[in-house]
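Structure provided below as structure tokens; questions to follow.
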Amino acid sequence: MKNRRLFALALAIVAVVLNGCGKSAPVLHIYIWDAYLPPAVVDQFTKRTGISVTIDHYGSNEELMAKLASGVTSYDLCVPSDYVVQPLIQQKLLHGLDHARLPHVSNLTPRFVNQAFDPGNQYTMPYLWGTTGLAYNKKLVNPAPDSWNVLFDPAYKGKILMLDDKRECFVVALKLMGKSVNETDPATLRAAADMLKKQHDLVRTYDSTNYDNTLLSKDVVVAHGWNGQMAKVVSDHPDDYAYILPKEGGDIWLDNIAIPAGAQNVDAAYQFIDYVLEGETAAQIVNGVNYASPNEAAKAHIDPKILNDPNIYPPDSALKNWEYLNALGGATDRMISDLWTEIKAK
Amino acid sequence: MKSARSTLLALHALVVYAILYGPILVLMVFSFNKSRQAAVWTGFSFDWYVQLAQDAELVHDAWHSLIVALVATAASTAIGTMAALGLAGNGRELSARAARSTTTALVYLPIVIPEIVMAAALLTFFSITRWHLSLVTVMAAHISFTVSYVAIIVRARLIGFDASLEEAAMDLGANRVQMFFRVKLPIITPAIIAGALLVFTVSIDDYVVTSFVAGTDSTTLPVKIASMVKTGVTPEINAVSTVLLVCTIILVVVSQKLMTGRNAE
Amino acid sequence: MLPTWLVLGGLYLLPLLILAAVSLHQADDFGNAASVENWGQHIRSGEVAANYEKSVRPPFPPIHVRSFVLALVTTAACLLLGYPVAYYIALIAAPARKNLLLALVVIPFWTCFLVRIAAWRLILQDQGLLNTLLLKMHLITEPRQLLDTPLAVLIGLVYGELPYMILPLYASLEKLDRSLLEAAADLGARPAARFLRVTLPLTLPGIVAGSVLVFIPGLGQFIVSDILGGSHSMMIGNVVNDLFSGGKDKPLGAAIALELTIAVLTMLIAWAWYARRRGWEIGL
């Protein structure tokens, strides 16, 4: 037994030593969504600047927030979504951005800068954006839908999929009621929740990961989903599936790159952000990730198939009723959270 | 009669093993699926294996998983066994009984608590002690909640352990160390092995706790895979899982052959 | 003993106490515990127990019941499926093969859970492998909905927890003294009686250990019900995960999780006390 204890101790020491190694060369620690950064882009950065890069992933904004709030992480870059930026700023978890160090800021499409959640882009730079719409099986859903109503149609009972995301589901109900996606009035929210409760029996599953597969397997005929994966389904099987932006409107999501307050290598972080703001780099990212970039200069280098795909780069006219998600404040968040439990509990 | 029962049991075991490996077979077959989406089979292809060979990050994460699992297994097995041995004492004094009750409670605690709570609690702990998150915190976290598995299994094995065997050994002239190594240890070894296998399994597959306490450059395979939410899971994951599986099976079969070969000598 | 206490106490008990403290607060704007100005007022107004009150009112009770029943059935299924396998490996298989067979039980679980569960989705889909097989064998006339049901969650749970039942059972069975069984046979006991009155009692510690390692995590699980369960399988683990990882109301999440913990501990203690009174040796 003593031998075993020594062995365990030895292994632990080795682990600590291994962990401490490699601190001599400058390193950039990136914390980002999976598949949001093509390896070629990272390698090019390292070649150009000599800074090596480590990448870690998170699967949700809340995970990101919990990590940053713990105060014991040392990420240099992260990519929070729109509605998380305000809470992060309020909890002082983001490093301010000095635009003088980001010469390529001018490459950004004006529509995406100076958002309500970060006026003047003092903390974040827009990185990628997309829409939340719905996709349907062209052969099994008639007539072709143009409204969120199809997700509430009893004719498709048990064949409907909704995202497992409280905000996104409330967006659908609120838009059908003609309200804003950032509604905070309790009575309105309760009415929206009632709609969703009635819909519950029609929904086969709430899923934020496999919505494309579930549509393809024909377990459902209409699915709520984000445009990136749905665009791939449609381009792979154009005769069978289509993705639409319902006429009532919905939400545009915007993911942003930022420097966390606990960053160890702020210089490298600035270099990387500016690098990503370059037109060619942004285009490389789009080509690799299949989501739209808020970078205007990138359009010259993006694969025409993607640039001309209306599911990824919808025309401005299609986005008339489409809004960005804002943080709603603790009280509203909790109310939505409670309502969501009631909706899903049955 | 005995052989009829044995055959029936062997058959049952075979069916269970078939159920265990069924989904694994499906997973392996679909690693050759040309389509990006798993739900439809569009043709045979090695594309994902090619992509895997060029995906340094995935291999890196797999390596992290392995190191963490090995360290956690070694440490947990050691500590858990010690805890179980301590619990098996028969001292009737109040202090001994109190010590045993406390240890039992502490040992069962990690099992009793939902994993998500455990994860949040550990993150809180590291946050308060300003212990920077890294692969080491992942290892520490894994050890803390897997010790119980070993302790419970080894303890179950020790129930009914005949103390007279210990006394007999000592009467025959063995000292405590010899008695432990040549009487007690062989008896609990199967339980230790079972416990170690379980800890390794728990650790290599852990997602919840790891995602909460991993720091820079400490992503493990489950965390990486689970984070593929936004852009969807591709068959590349099936490919890496198949490769890992095949390597593991080869490793186990080879080590088994080596061990039986050595025993036969 | 000291190292064990240090590890478990330091890394575990302390933060748990912190969580208990968190559960007594209300959530602030970011979902964390809001600081309390006046504790006297906080306690007198009953706000201190507000989260606990909330957790026993709708919609939570049916979720508690559903989770409990599912965990129970999962444990029973694992026991029924796993005991014969453990018996076979421990007592019937050739000694040289034991470790290999044991390893083969856990090796499937060295692939990542998401891939395994994704494989189950492929098997259980409406047009998946299982339905196709059943149709071909003419056991059903049209595809049944297997996926996105509580049944799928049960299947996924039993599949995932089987090793946690088999391994402790194996450890317990392996030390069974064969001569006791022979003695019983010599005394005229039939195989069923030998099993019920010799084997089963002696392997009770293994059964209890396995059941504990299956039931309790089964109660708090959320990943399987999330991915395989569909819209009618919300479990208490999903609630806790949503409140914690969703980050909107950590104090409520802490309260529910602590309730779960205390309920389980109470069950364990009651069971241990009962067993001790009956003179059973179960290892608790």
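A, B and C label the chains in the order they appear, each numbered from 1.
Note that in this section a contact is a pair of C-beta atoms (placed from the backbone, for glycine too) under 8 Å apart; a residue touches a chain by one contact, two chains touch by 3 or more.
These numbers were taken from a predicted model, which means no experiment stands behind them.
*Asks:* More contacting C-beta pairs: A-B or A-C?
*Replies:* Answer to which pair has more contacts is A-B.
*Asks:* By CA centroid distance, what chain is farthest from subunit C?
*Replies:* A
*Asks:* When the C-alpha atoms of subunit B and subunit C are each averaged to a single point, how far apart are the two points in Å?
*Replies:* The separation of the two C-alpha centroids amounts to 16 Å.
*Asks:* Counting only Cα atoms for the centres, state how far subunit A is from subunit B in Å.
*Replies:* Comparing mean C-alpha positions, subunit B is 34 Å from subunit A.
*Asks:* At least two other chains touched by the same residue of subunit C: list those residues.
*Replies:* 118, 121, 125, 245
*Asks:* Where in subunit A do residues touch two or more of the other chains?
*Replies:* In subunit A, residues 60, 63, 66, 209-210, 213, 217 touch at least two other chains, as defined above.
*Asks:* Got the subunit B residues that touch at least 2 other chains?
*Replies:* Correct list: 38-39, 79, 82, 120, 124, 226, 233.
*Asks:* Which residues of subunit B touch subunit A in the complex?
*Replies:* 35-40, 54-57, 67, 70-71, 74-75, 77-79, 81-82, 120, 123-124, 126-127, 130-136, 139, 180, 185, 211-212, 214-219, 223-224, 226-233
*Asks:* In the complex of these two chains, what residues of subunit B are touching subunit C?
*Replies:* That would be residues 1, 5-6, 9-10, 12-13, 16-17, 19-24, 26-27, 30, 38-39, 79, 82-83, 86, 99, 102-104, 106-118, 120-122, 124-125, 128, 140-141, 143-145, 147, 149, 152-157, 159-160, 187, 190-191, 193-195, 197-198, 200-201, 204-205, 207-208, 221-222, 225-226, 233, 237-238, 241, 244-245, 248-249, 252-253, 256, 259-260, 263 of subunit B.
*Asks:* Over in the complex, which subunit C residues touch subunit A? Could you list them?
*Replies:* Contact set of subunit C toward subunit A: 27-32, 58-60, 62-63, 118, 121, 125-128, 145, 147-148, 226-227, 229-232, 234, 238-239, 242-243, 245-249.
*Asks:* Looking at the complex, which residues from subunit C come into contact with subunit B?
*Replies:* Touch residues, subunit C against subunit B: 1, 3-5, 7-16, 18-19, 81-82, 84-85, 87-89, 92, 96, 98-100, 102-116, 118-123, 125, 129, 159, 162-164, 167-168, 170-172, 174-175, 191, 202, 205-206, 208-209, 212-213, 216-217, 219-223, 237, 240-241, 244-245, 250, 253-254, 257-258, 260-261, 264-265, 268, 281-284.
*Asks:* Name, in rising order, each residue of subunit A that touches subunit C in their complex.
*Replies:* Interface residues on the subunit A side: 60, 62-63, 65-66, 69, 87, 90-91, 158, 164, 166, 200, 203-207, 209-210, 213, 217-219, 329-331, 333-334, 336-337, 340-342, 344-346.
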